[in-house]
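Note that subunit A is present in both complexes that follow, paired respectively with subunit B and with subunit C.
Then we have the complex of A and B:
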């Protein structure tokens, strides 16, 4: 019996890796209309942008690729005089959405983290082990958005195929 | 399954972490013998009881932290709990 889940590899997203003091980062992301998430391993979402608090003094901003140019201008990652580090990393990640009735079950195979509703908040966003590598898991309507380092994308695709088709 | 308490992420599965070795006593002075130096550098204590060790949340938030782990029961506590 197959899983009732839809797994889709996403087109490129605009992604920025942000490190620095929280008060400084808060001011920088306020320029693009965002606030810092209030709890560790959660995301603040607005206008299709997701600001994920993924580590101490570490955030990952995901946004639709149409916003990339605007965000590059506003966040100005090339400006070394700024007091927090913002790196444009859109090309470093591949994103997948896992949605449907059995999305939780697919995630349970992929990761040791319990991502079911009672354990993983509705705005949850965290790095965890994902098919043996480090991957971002973000709660998504009817499922999850996951992000892995791009060089692993084919491997992760193959794992998803094995799970959904039951092949060995 | 061993779970470890990441200070940022909370309780997580052991497979998300890498062991970063035991915490060591302070580096000995430069006039120690070769065998004393090798002992300090490469021979970890292995008592029946708690050992203090460093862990790296490599597949999570990336934080390094120190815990105390019981070598028999794998019971874990934070160093500050011990001193309380």
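Then we have the complex of A and C:
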């Protein structure tokens, strides 16, 4: 019997790479109704948007693609004169959801991330190794959401096929 | 009905209702479900089933588990694999196995001729013997003769290997009495627990024990514990799984051989726990006497296992030879089972033999030794030597030996723990742990079950408390009375004759004489003895032999074993399939790969795909009907030179760079000036490493004040990113610069060739793309074919080029539209082979070819890019210092090789007069030029620019090729076409 998990490659999401001083960034994201996450490697989630704290003075905003043009307008990524940098990177990532009874098993195959709740809390969001490359992992209802650089999406799909079906 | 002449009518834990057919060395046999290959072979009376590694002596099965040193097999068919101990192979229908290291069969092995020359083949003989004329002349045949199983050729159908991680609080290795108890205590404390055991069934020695725990058979106690563990979702229990490697920070490597998921063949676990409990038990060791390797000589504990677990007694007339109390339980079992026992030879004096002998009605030869075993291909008799030197020959066909028990300290040692010698055990026990682990039970030297259980309870409880768990009160189970373990070490028997083969390491064919020889030749420390003789190496890792080796070194050097010390135990503890380490990283995913949105289109078009740096797969070329690769490249190159072509340039590295100090940062990175770059324009730049060598090149566009888009070479994008991050974090910490990789945010289709502008016009573009409005090296935002795009006028081909950059979500549609609109213009897709031709014609540099971390810009004739107007650029000072020496440098030149149309291998050396002497340069690239209609090349040649017009000589393997040195540009040297 294979793993009971549903793996879905997601359509494009609205994604913005945000760098800069935390206080400046906090003001910018407050404009779209978000707060900064309280600790590193967690995400602040609201209205389907996830603001992930992924590094020192570094955040990644994930939002439904329907919000993309609105966010482009309000975050103004073309404006490099501001005191923080917001870069539109929606197409640079491919997202997958892994859900179901065996979602933890799939993640344990893909990644060394310790997903025990005491180590990876309910609002956890962190970069980790994912099938040998760099991947962002967030908790998701009944499983996980993961984001990898788009160019690796076919490879990640091949891995998912392999581990769920045993194909070689 | 299964015909198993050595199977008892009843008994064992096999399923006698499930007959299993299998094949061994081409013959068919049968066994039962629950058998191992070893137990089934013994039940069938197949005792000669291996040949030794070096001398090709007849060998049989000696052990019953991972300690088996002798009978290694190769599995064939669906689960093909090599060097499995027959004792660890579970019998299954259709199993096919064969012996390793013998031909054509174990009973008639041609290489057994080695036995005739055994006196000439002592340890290290080949180091001394095969010196002349060259060791490598003999090496292949020696390796063939000594090798074990070959790597399997076949893939395993319908299944695959898998690796996965596990994180928890407590990892218990071993599911014997101590391991099960440890797991039980930990699980009841609320810990997340994994328990790993190498046997298909839990219980360890309890499976063969007649002991009662809590007034029921010990194995029932074990089964009840397992049931409780299985009911706890926080417990992972793995049977038929071996923890074979102990890494840093409590990371253990585990191979699970029979996962529940049917699509998984084997699973490799990388398990990390807050605390590791090693309950790995102990391994019985052999005794050293003449011919102690004959088939029919077995470890006493193994005989007991075969009897209790498989209902097999591998002999009719047994003899026991021991130096300790534990072997007596076998005598009791065999006596109760009605097997004829010729006697027990015990090297201990009678007053040292305790209650273990009570109730036995068999001859006991106390203070005697077993001097030699006799037989050809199977044991027939033994010679017993009394203390006074008198001998007696006794017939027997099964000799069970026990030289005492060694705690299985392999994992503890791998964890860098230190070992201490225990006089009472005459073995090494764990001393100081270097990681968060504890040893319990026999692994800790507690050889008595009751003391082992008590020690386990106290140790595990203390560990859990230290780890902030609250272990619940736990009362010790009750046991039936057990005799104490007692031993007197016997490192080898007395009275052996010269030439007797008494093995200390059965698997590696290391004899007592070899140890003596090593020491006589000065290799007298344990590590030297190991390397000289190979004792304790390889698959076996000294499981049954290591302590005997140490004991005999000690005896020979009149030292105590603790003065000798131990060698380092290495992983893997048991042989492991490479597949279980590689896991899902095989086949198509053996290496990472990256695709662009156009990759599938390229594949559908029949492109030959290559890796083109940084794991990107790009089309090499697009084959054409009736033509070869060169025809395809020529067609693509001609399309670009005389018509129009398009290539997918998406993999080029791209970085968004902004911030208050971005302009200064760009100027610091590149050797040329960027300060005067206008918004909307780009500039080619070269960046150097600290040592003044070219690191990368590329075009950087200025998007706004302090906002740039940098492009890098495909293969060096990550290197450049690291370089920039290093500078910002270490050298320019206070600078405000933000770098965001956007390689995958933008895809580009580069239309190039004299008709490129026509195709772009036909696509529909919202801006004026005339040369005045949109000059070379400019970048514009525009709508192309209805899609927002960034268009860059750069050229890597030497022709007019338009890079159309769009978001990847639009890339496929844009590409298809370009091909559709370009069709009337004769547009062709272009692969990387063609790009290579076009750039060589132009003399453009390429990383990995002309730039190999030894070249600076002057070497490539690019003096103009070394700005003298700005204060600093990384690497410039290093260049200046190096060049101030005035020493000759290799310089980029063009070459016209006279090959008659054959390409010259890239990397071919250029040597003075074509002699086999130190080179004066090399060919960095060589192509067929579609514009020059001849072979052209680029190369780096010492003082090359001063030698233009000279004929030099290239050595291409066996060819010697004349080539005329030219300027390194074969096409449009003024660059009029690309600016057109």
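Here is the rule we go by: the second predicted complex is superposed on the first by the 167 of 168 C-alpha atoms of A that agree within 3 Å, B and C clash if a C-alpha of one lies under 4 Å from a C-alpha of the other, contacts with A are read in each partner's own complex, and residues count from 1 in each chain.
Heads up, the rule we're going with is that a contact is a pair of C-beta atoms (placed from the backbone, for glycine too) under 8 Å apart; a residue touches a chain by one contact, two chains touch by 3 or more.
Quick caveat: nothing in here was measured; it's all calculated off a predicted structure.
In the superposed model, C is the one of subunit B and subunit C that contacts more residues of subunit A. Of the two partner chains, subunit C is the only one that A:88 touches; subunit B does not reach it. Within the superposed three-chain model, A:41 lies in touch with subunit B and out of touch with subunit C [touch as defined at top]. Using the contact criterion defined above for the overlaid structures, shared-chain residue A:133 touches subunit B and also reaches subunit C. Of the two partner chains placed by the overlay, only subunit C lies in contact with A:155; subunit B stays clear of it.
Applying the stated contact rule after C-alpha superposition, one finds that A:22 touches neither subunit B nor subunit C.
Touch criterion met: A:54 reaches subunit B, while subunit C stays clear of it.
Contacts of A:30 after superposition: neither subunit B nor subunit C is touched. Judged by the touch definition given at the top, the superposed model places A:109 against subunit C, while subunit B stays out of reach.
Residues 112-113, 133 of subunit A touch subunit B in one complex and subunit C in the other.
Within the complex formed with subunit B, the residues of subunit A that make contact are 40-41, 54-56, 58, 112-113, 126-130, 133-135. Every residue of subunit C that touches subunit A in the complex is listed here, in rising order: 155, 158-160, 162-168, 192, 260-264, 270, 272, 583-589, 592-596, 599, 616, 651, 656, 658-659, 703-707, 738, 740-746, 807-809. Residues of subunit B touching subunit A in their complex: 1, 8-9, 12-13, 15-16, 58-63. Contacts from subunit A toward subunit C in the complex involve residues 1-3, 12, 17, 19-20, 78, 80-81, 84-85, 87-93, 105, 108-109, 111-116, 119, 131-133, 149-155, 158-159, 162-163, 165-168.
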